[in-house]
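Right after this note come the structures.
What follows is a pair of complexes built around chain A, which joins chain B in one and chain C in the other.
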Partner chain A sequence: MALCESCRRGFLSRRHDFVAKTLADLTEAMKRAIFAERYAREPGLLQAIDPRVKLVTFLVLLLLAAWTRRLDVLGGLYLLTLGLAIASRIPIDFFVKRVWLFIPIFAGMVALPAIFNVVTPGKPLFTVLTLVGAPCFLPAQIFVTEQGLYGALIFILRVATSVSIAVLLVLTTRWTRLLKALGVLRFPQIGILVLGMTYRYIFLFLHNMESIFLARRSRTVGRSNWQEKERWLAASIGSLLGKSYHMSNEVYLAMVSRGWNGRPVLSDHFTLCRRDWAWLGFVFILSVLIIWVGMR
Partner chain B sequence: MHIPDGYLSPVTCGVMYAASAPIWYKATKKIEKTLTSRTVPLLSIFSAFSFAIMMFNAPVPGGTTAHAVGGTLIAIVLGPWAATIGVSIALLIQALFFGDGGILSFGANTFNMAIVLPFVGYAVYQLISRNAPASSSRHWIGAAIGGYVGINAAALAASIELGLQPLFFHMANGTPLYCPYGLAQTIPAMMLAHLTVAGFAEAVVTGGVVAFLQHTMPYLLKLRLRKDTVA
Partner chain C sequence: MTVIFDLEAVGYDYLNSSPALRDITFSIAAGKSIAILGANGSGKSTLLKLLDGLYFPVTGEIRAFGVLLTEAQFRNEAWAFGFRRRVGLLFQNPDVQLFLPTVRDEVAFAPLQLGLSRGEVSVRVESALTTLGIARLADRAPYNLSEGEKKKVAIASVLSLDPDVWLLDEPLASLDPRTGAWMMDFLFSLVEQGKTLVIATHNLAIARNVAHQACVLDETHRLIAHGQADVLLDNKALLLQANLIYNNGDHVLARQVSRALQDT
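What follows is the complex of A and B.
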């Protein structure tokens, strides 16, 4: 019903080799992080906005996209994300592909059966199938319903708009600045420190995993049985777990030698400028407008 | 099992944040109780490990693959409270820095994968392996069954959250506003996939890794009992 990114990709690509699939996932994750950092350094509209303001206003935009019941409002919000992507110097084909591939396309596949009266009863639009001697659990006619079609459209557009907003935030904000901006949401300093360290070590783990899987691929000739694959996978994860523990000790010692005393100190030098206030004002007016349209 | 934004109503997202908040609070208090300067790197590295484990595709009999969450495994090594924090951080990074998963649905995702999964999985593991000697096969069998039951419990929670959407959030004429499927569809769809494929992958990874650790690094299985870790 709802699958993670990797499952969706696997579902769409139908790749069943677990080594190739893991390598593809690892490459994709690293590619995403590299591209996100590249675009976050561009001198575009959203990149110039204070990350604290951006985080809060993007949360508001996400809430608006989740709250509205109108297709035209969702369409407008989606077009706004496209406009913001262009103004932020993100290639539009890259942005559309990044958003639509996997999550909204998968949402479309998920929503497809819901347009029929079997799932969503309602006003018939057109008949697809007439069943002669249909079993008791199926209706005699299968047709597309107005409620089903509208529900599916609003569902897909809502998912696409929400993903676009989240991706836009990721692509236009350097992760270090985003991390510091979390402090505005009263996120504990210790949490911000753990998040920052985790993010850094994720790439080390991804690199280690890539080496492990590439080594296996380069040494594999012919087919291996399921039990052997399972044993190898368990040993790889087990080794990674052991390495994690030893690494945490080494990192701790490295931190102590650099003056770590258990109390995190984060430097924060953000100041709001006229552009940030203008963006805040724009999102505020947009929110009032969407709420007013929604309440009518 | 990640629920992206747009599948759940903002009200459901709010309720799931509210349901997860006391558990996060309690987990943070537990950490503070045993907080040493060593905790920060330990939690960070294990959160990164949690993120990494979600990228492993496990082979499943029948030729397909599925990937594990690893919540039960981390709970066995560090304890369920630390697993809650570790998996939550991994999910937050996925949502916020990689644009995967949901930001509004983060509360629901952590409730399912960082709370239900490790706690249920760990309880089953404890039930089976309690008082067993360190080398006993009850440890890896308990871990495998715990992993299987844990991920299925999390899938059941996710399917209920999704299935409640058309019941509570629809227009006056019955048009669904969020996930369009009711409980009669979400529970069988999610449970079939997890009982047959994803649950098996979680069992293979959790049981297999615990068996590997029993032979090569048994001290890791006793980590949660040590003073300098988060139990």
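What follows is the complex of A and C.
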């Protein structure tokens, strides 16, 4: 990594350097999000499965989670993701936190109104509010309905299970392999190539951005005003854009030099082993079971 | 003697800027190594790109393997594939050359693009990685390799094609001494295999040790000398004119003038 932690702390020590702090934190967050492959390198269950198999089977699991309307099935699928996380050596508290951090904010806010009789009529569970002299379009009592609560629970658990499945896939698969696995879904090769190159160069430009910050810091004495900061920021963005443009031209020439003709042929060295077939079989049986239970 | 490249009064301009190359005439024979010598900005890298058919001359002409290099010629796909298989370019900045997410992808890119079978590509990739001692890096991403490792991967990405002609842009740039020595050995091995090498550099040690011939570009982007490498490298006046060496006396004089100014 280009910027060590102590440098970063020093770099961010100016509490009022809002722009620099925002950009540095953004850079750090992007790095963490994109390049953290710590768990993908662990010798766990899901890490050992061929990424193509994993991608397809996880899509099937996602479809099942979206299709089923049974709370017990969704609960079972969610428990399965927890079990898979443990078998894949992902710390369970980290995994649960990552999944549940935003669910109450987003899914919860969407589901909350649906639990009341105003939105979902049904059998009352408990009264929340009694309205005296309520307008004609509102009922005299607002209560939580059994149907509403069930629907909201289904919704939240479906979101949690789907997010868990997606997070498991991303945490246990290296980006490079995940991108290549998209080929089995007939994702265009040019798209895979462009995504791969984007992934590769994001790091380089993050590194450049950090260098620009450090270069500025090494030449800055005292506190600069907002105008100066804005001028510097605009100049840095312009400079980075110029560098990116120049590099894109050079990269294109390097591609042409090695035979690029606009039709990508990418390497693919995946091989299916017994473990992959076993996983495929397990997901197949599970799917049949869930569909059978759901259709009863 | 078979001529690989034949340049006749070649000139090149970048858009909206001064000329990058002017009136370059020389030829490169098969199995020889030639050093393109010149100071920074003299047009060495541009010349390599012209030889690789990435740019085309604004004036004059370049023939490769007896065929005129033009954009129309490169639209003939079969011919272009043949040319790309025979000529490999190593860029100065490995970050430019390593554009794929893993080292293995990178080394496999050229042979796959040029239509080799997947089995053949696999053999070539393993062979290139083993030859350069970087098999352990195969599944690593280029962004977290050292400069020396990046350079080796960039070489492997050309080696997997096994081209007859190697165009090398500043091969020793930003390498530590050990990797630099390794690079020199690698260049020797290419010469011993009878490959044609065109090395753009301002490092005179490479020219003296590896090149049979040399071309010298000056800072006005013109070819000022072409001939036996050791003869040209012994010509101090020529090297001074091309800004390839400096006269130590100039700097001593500059310091004396500076001190005198401070005293006054």
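Some notes on this structure:
The rule we apply is simple: the second predicted complex is superposed on the first by the 199 of 296 C-alpha atoms of A that agree within 3 Å, B and C clash if a C-alpha of one lies under 4 Å from a C-alpha of the other, contacts with A are read in each partner's own complex, and residues count from 1 in each chain.
FYI, a residue touches a chain if its C-beta (ideal position, glycine included) is under 8 Å from a C-beta of that chain, and two chains touch if they have at least 3 such contacts.
Note that the coordinates shown come from a computational prediction; the quantities given were computed from them, not determined experimentally.
For chain A, the partner with contacts to more residues, out of chain B and chain C, is B. In the superposed model, A:176 lies in contact with chain C only, and not with chain B. In the superposed model, A:201 makes contact with both chain B and chain C. When the two structures are aligned on the shared chain, A:147 is found in touch with chain B, with no touch to chain C.
In the superposition on chain A, A:223 makes contact with neither chain B nor chain C. Legend: residue contacts after superposition of the two complexes on their common chain; A:244 is shown touching chain B, with no touch to chain C. When the two structures are aligned on the shared chain, A:186 is found in touch with neither chain B nor chain C.
Within the superposed three-chain model, A:25 lies in touch with chain B and out of touch with chain C [touch as defined at top].
In the overlay built on the shared chain, the residue A:256 is in contact with chain B and with chain C. Overlap of the chain B and chain C contact sets on chain A: residues 175, 193, 197, 199, 201, 204, 247, 251, 255-256, 260-261, 264. Across the complex, chain A is touched by residues 49, 52, 54, 77, 80-81, 84-85, 88-89, 91, 93, 95-102, 104-105, 108-110, 112-114, 118, 121-122, 125, 141-143, 157-158, 161 of chain C.
Chain B contributes residues 1-7, 9-10, 13, 28, 35-38, 40-49, 51-59, 61, 63-67, 70, 73, 77, 89-90, 92-93, 95-104, 158-159, 162, 166, 170-171, 173-181, 185-186, 189-190, 204-205, 207-209, 211-213, 216-217, 220, 223 to its touches with chain A in the complex. Chain contact summary for the complex, chain A toward chain B: residues 1-7, 10, 16-18, 21-22, 25-26, 29, 32-33, 36, 59, 62-63, 65-67, 69, 98, 103, 107, 111, 114, 119-123, 146-148, 150-152, 154-155, 158-163, 166-167, 169-171, 175, 178, 188, 190-191, 193-195, 197-199, 201-202, 204-206, 209, 226, 229-231, 233-238, 240-242, 244-245, 247-249, 251-252, 255-256, 260-262, 264.
Of all residues in chain A, only 175-176, 179, 193, 196-197, 199-201, 203-204, 207, 247, 250-251, 253-261, 264-269 touch chain C in the complex they form.
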